[in-house]
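The following blocks contain the structures, represented as structure tokens.
Each of the two complexes below includes subunit A, the first together with subunit B, the second together with subunit C.
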Partner chain A sequence: MIAFIGNLLLWAAILCCILSIAYSRIYSKNPIRSIRYSSLFGVSQFLIILFSYILLTYAFIISDFSIVTVWKNSELDMPLVYKITGVWGNHEGSMLLWILILCLFGFLVIVFDTKLPRNILRNIIFVQSTITLSFLMFVVFTSNPFILQNPIPQDGFGLNTLLQDPGLIIHPPLLYIGYVGYSVIYSFAIAIMLEKQHIDGWGKWIEKWVYISWGSLTAGICIGSWWAYYELGWGGWWFWDPVENASLLPWITGTALIHSLIHFNSNGRHQSWTLLLAILSFSFSLLGTFLVRSGVLTSVHSFASDPSRGLWILIIMSVFIICSLILFFSYSERKLDKSDFILFSRGTFIQINNYLMMTSCIVVLLGTIYPLILDALKGDIITVGPQYFNLVMTPILILVAILMPIGPNLPWNDRINDFILKKLFISIVLTLSMIVLLQIIVEGKSFNLAVFFIGLGIWIIVISIIDLLPRNIDRISFSLSNFDLQAFKKINSPRLSSRVIHAGFGLMIIGIVAASAYAENKDTRINLGQEIQLNKFTIKYIGVSAEIGENYDDLVMNFEIYEEGKKLEKMQPRKRIFRKSGDITTEAAINRYFFDHIFVTVGEIDADYIYASISHKPLVRLIWLGGFLMVFGIVIRLINYKTKLFRD
Partner chain B sequence: MRKNIKRVYLLLASFLMSALAVALILIALDDNIIYFYSPSEVDQIDNKNLIRVGGLVKNDSLQRLDDNSVKFIITDNIGEIQIFYKGILPDLFREGQGVIAEGKFNGDEFLANIIMAKHDENYMPKEVYENIRNN
Partner chain C sequence: MTYKNRFLFFLFLSLFFFIGISDYGETYSAEVDNSEMMIEISKELKCIECDGQNVYESNSNFSKSIKAYILDQLSEGNDRSTIIENIHVRYGDAVLMKPPFQQNTLFLWIMPFLILIFGVGFLSYKLIKNKKS
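Let's turn to the complex of A and B:
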């Protein structure tokens, strides 16, 4: 029954897509009718897919094992939360989620972007529905979640044990909102380019979508990194794994897009960049989808999929990318640019940022698909090691870190003035003093490049904070009686949010450098009652206990931990044994120590001893704190009423 | 005129940076490519560099040594490689299952830095699968 309705809904959705495409094109001579009907079917698409997704979730909840997808990815004893979120823990279900979000964004544009010119909306619906149609057909013909089987098994396989974790609840949806959000931005770009004349101010329409997608993608990537950190057991947060890179590529172009858009909205310049980046961001989303699901790359993250699916995704991806690029290169409606070229202007710095972002894109892309190319050409099987990425990204990152805080301070169309120079000078002095202080305290006489890199992060944060001080602070005589709160209230939101985001990035850099350069680790055997010393921490293994979970049993290794005699919170890493399958996962124990982590995970266990890996990672929490700030910053931007982002 | 000259400088700078970037990429790429070999291809390896090898863990070959390290043999049903590893073995490491080891050869022994094991019942790293299937 469920499968029958599910399939019916999918076909109904396909029909809606076809109809909305048709109405968006055929009745172009009668725009009102065209809009009305194509919008109607655009909204219907969304509602129908929503029902089908809820239906699939329902099948998971009631453990309907007549449906193959449920049987392969769920089991009776699994906690309810993983039955619900496990829907997107497999290829078919996650594809349906992908399509749901695709329709959702189309729906949101139809319903909320009411001030759009009809022609533009019509074309957006056209492109969005075409994308939806392609993926719907892909799902129905190669990855149908509603396939039946007979006889009906008593129980299912359960979700992959690595996925039965809170990370599954938030990471995929956020990531998908990010990836798929770029689809509607892509549709906007195509719609603009299909117009025969230049459209003024179109940049304002896609602002909120750009922020939402970027913010969601940032959050998704950060949470993914955090999840890998504690789940995969050895405390790494980024592996330059092909699937991770696949999420980074749209993020990089998305970042460039935000800045180009800002420039376009202020000045009307960088229109071509904005259009191109809009196309590239979605193209990279599609590439990511391809890499993850086609099975061409080995990765912890990839779905086990057969190559024929990969071929279809490759075709879909190529068509959308090639068509849009052809359109882009033949689009020539540009306003003549008569302004002066100033090196130290905000616009130029955004331009430089674009170049740096594109360079890092190419670098990461090359490293990611080089194994594919080599395999296809020579049959050699290789992996591109993380050293490649670190080596090539570092110089780019240095340049970005130096220039990033300067750019927003420069004027758009004026020459640099005294006030700005004064601000920069103070910032340089402050930063250098802090670096020197850091060097003295941490390193003393020895040289460590880490101090320089941390200095870059400090540089970004210092300028960001100084930027947020009231403009006339040097003329205010600082006393409690005339402390001007009003001046702080006058900070406008775009400025606040950009400084918060940049500061978050700086914080992230500090966290990454400190945790990499100053981490200490001991992999060793510990006997019962034995103590291990790691820096100023003493870790003692005191024995095993057990905890029972819904579909698993935990074998808990208990550790006491002391910092120079003072007892800290106990640590309980564990081996989680899933009862039905016998699969074992290792759950690490993480103690927070100010901004550091103490990280303990166990390997083999015996009656009187265990093998444990104990690490101290200084300032590692700054990585995710920085990420959080970046997302927080974009949220500030989105909810700010002054810029009327949501009032059309 | 001034505006154009500034533009030319910027273009020149961009071009130089691009050339530098490309050079950097090619150098970095060259040194950091990790080749994958199966046990039967061992003879072809004269690689002193970091490489990956993969195969099935041979039954009854896992031994724990005195200094807390382990050794085991991987096979693709034709050839074998003796692997030494000091560290914590992944949870899903089992005899008879597929693994990939990354490290360097020291004579006839392979000293592994990382061991990667399967992460679900049905998963086998593509490279290992291809080799087993072909043999």
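Let's turn to the complex of A and C:
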């Protein structure tokens, strides 16, 4: 019954898509009518898909094993929360989630962006529905989640045990909101290019969608890296895994787009480039989907590989990318930029930002698909591992980090003035002195590059903070003697949010550098009762115990940690044995110590000894704190939108 | 010096500072013991039986045998580059995490730097052109 209704709903959604596409194109003489009907079918698309998604979730909750997807990815005694997240823990369900979010964004535009010109809205509905239609066809024909089977099995296979984890509850939806959110931006870009006449002020329209997508993509990537950090058990937070790279590509182009939009909104320059970035961002989302879903790449994420699916997505992807690029190049809204070129201007710095972003984008793309291309063309098999990316990305990142905090201080068109120079001068002095201090305290006489890389992070944070000091005070002097709290309230939200995001990136750099340069690690055999010394921590192994979970049993290794004789919290890394499948996953134990982590995982186990990997990762929490700040900065910006909306 | 000059001077100085240090090499002190050296080396190698894991992280038979081989070679007094080269010769390019610089990876290695150099060139072209006009 569920399967039948589900299938019916999918077909109904296809029908709605076709109708809304049709209505958005015909009735061109009567735009009001055209809009009314195409919006109606746009909204009903969303409601129908939402209902079918709820239906699939319901099938998972009641464990209806007559549906193949449920049977393959759920089991009777799995915890309820994983039954619900199990819906997107597999190919079919996650594609349905993808479509749900696609329709959700279409729905949001129709319902909330009421101030858009009619013809633009119509075009947006047209593009958005076309994307939805193509993915719906893909789902119905190659990965239908509502396929029945007979006889009905007693129990299912259960969700991939690695995915039965709290981090995975929220990671895929957030990542998808980011990925799919770019579809709206793409639709806007196409809608604008489809109009023959010149359109003003479209930068303001797409701003908030860019922020929403970019913000949730950032959050999704951070949570994903957190999951990899403690669940995969290697203690790394970024592996340059092809699928991670696939999510990084739209993130990078999105970052470039945000900056380019700021430029475009302030003085209307680089319109074409901004449009191209909008198209590129969604194209990379599609490319990411293709890479993940087709199984052409092997990675920890590849839980679905079926060549026919890959072909479908490849076709969808190529059509959308090629059509949009053709449209872009035939769209003649290009003016030659005759204005003065000023090196120290915000515009130039944004262009440099965009250039560096595109460079890193090309590097990541090249490193990800080069082995595939080489294999296809010549049959040579090579590996492009983290070493390549670290080596090539580092110089680019250094440039980004040096220039990033300077840009927002510079005037748009004016010559640089003494006030800004004074501010930058003080920031440089502050940063350099902190670097020297750090060198003396941490390194003493030895030389370590890490100090300078941390210095880059400090540099970004210092300027971001100085920027937020009230202007009327620092114009007189940098002393805090005539401190005025009122001035703080005058900081406008775009400025605040941009500095918070930049500072978050700075924190992230510090965390990454400190945790990779100063991490201490011991892979060792520990006997029962033995103590291991790591830095100033003493780790003592006191024995094994067992715990029983809902669908798993935990073998718990108990450790006690002392910091110079003082006892800290107990640590309990686990081996989790899933009853049904017999899969064993490693659950790391993480002890927070200020901004550091003490990280313990267990390898082989014997009666009276175990192999454990114990590490102290200094400042590693800053990585995710930085990520959190970046998302927080976006939230500040979006709250500002909301309040503005109410004021109008 | 005016603030402007001072600023430019410092900017100039710090740029050199960072570009200079960006040429980082990996240095290893002589007294690291064999097991630590083994970890360093095994992180440079890919487990060719697994999906995207390096030899250090993986527990496959391949990785176990490679780890044992590295320890063996280290105790015989061979150094890092010889051991990696031996394994490279035996298992091909796929075993190296960092692709070797050779004909079929030329594009991979050269491309990023070409783009950067082009960018710098373009910027200086604009600056010079701007100064003339």
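By definition in this document, the second predicted complex is superposed on the first by the 625 of 648 C-alpha atoms of A that agree within 3 Å, B and C clash if a C-alpha of one lies under 4 Å from a C-alpha of the other, contacts with A are read in each partner's own complex, and residues count from 1 in each chain.
Convention: a residue touches a chain if its C-beta (ideal position, glycine included) is under 8 Å from a C-beta of that chain, and two chains touch if they have at least 3 such contacts.
Remember, it's a predicted structure, so these values are computed and weren't measured experimentally.
Once the two complexes are laid over each other on the shared chain, residue contacts for A:Arg525 go to subunit B alone; subunit C is not touched. Touch criterion met: A:Leu456 reaches subunit C, while subunit B stays clear of it. Of the two partner chains placed around the shared chain by superposition, subunit C is the only one that A:Ile402 touches, whereas subunit B remains out of contact. Look at A:Ser581: by the touch rule set out above, it reaches subunit B but stays clear of subunit C.
Looking at the shared chain after the overlay, A:Ser308 reaches neither subunit B nor subunit C.
Within the superposed three-chain model, A:Ser613 lies in touch with subunit B and out of touch with subunit C [touch as defined at top]. By the touch criterion stated above, A:Gly385 is placed in contact with subunit B and with subunit C alike.
In the superposed model, A:Asn160 makes contact with subunit B only, not with subunit C.
Taken together, the two complexes place residues 234, 298, 300, 340-341, 343, 355, 359, 362-363, 366-367, 370, 380-385, 387-388, 391-392, 395-396, 523, 603 of subunit A in contact with subunit B and also with subunit C. Interface residues of subunit A, counted against subunit B in their complex, comprise 157, 160-162, 233-234, 295, 298, 300, 304, 340-341, 343, 348, 355, 359, 362-363, 366-367, 370, 380-385, 387-388, 391-392, 395-396, 523-525, 575, 581, 583-586, 601-604, 611-613. Residues of subunit C that touch subunit A in their complex: 2-4, 6-7, 10-11, 14-15, 17-19, 21-22, 24, 35, 39, 44, 46, 51-52, 54, 57, 59, 92-100, 104-105, 107-108, 111-112, 115-116, 119, 123, 126-127, 129-130. Interface residues of subunit B, counted against subunit A in their complex, comprise 3, 6-7, 10, 14, 17-18, 21, 24-25, 28-29, 31-36, 50, 52, 68, 86-92, 102, 119-123, 125-127.
Contact residues on subunit A toward subunit C in their complex (touch as defined above): 234, 239, 241-242, 298-300, 302, 340-341, 343, 352, 355-356, 359, 362-363, 366-367, 370, 374, 378, 380-388, 391-392, 394-396, 398, 402, 416, 418, 421-422, 424-425, 428, 432, 449, 452, 456, 521, 523, 603.
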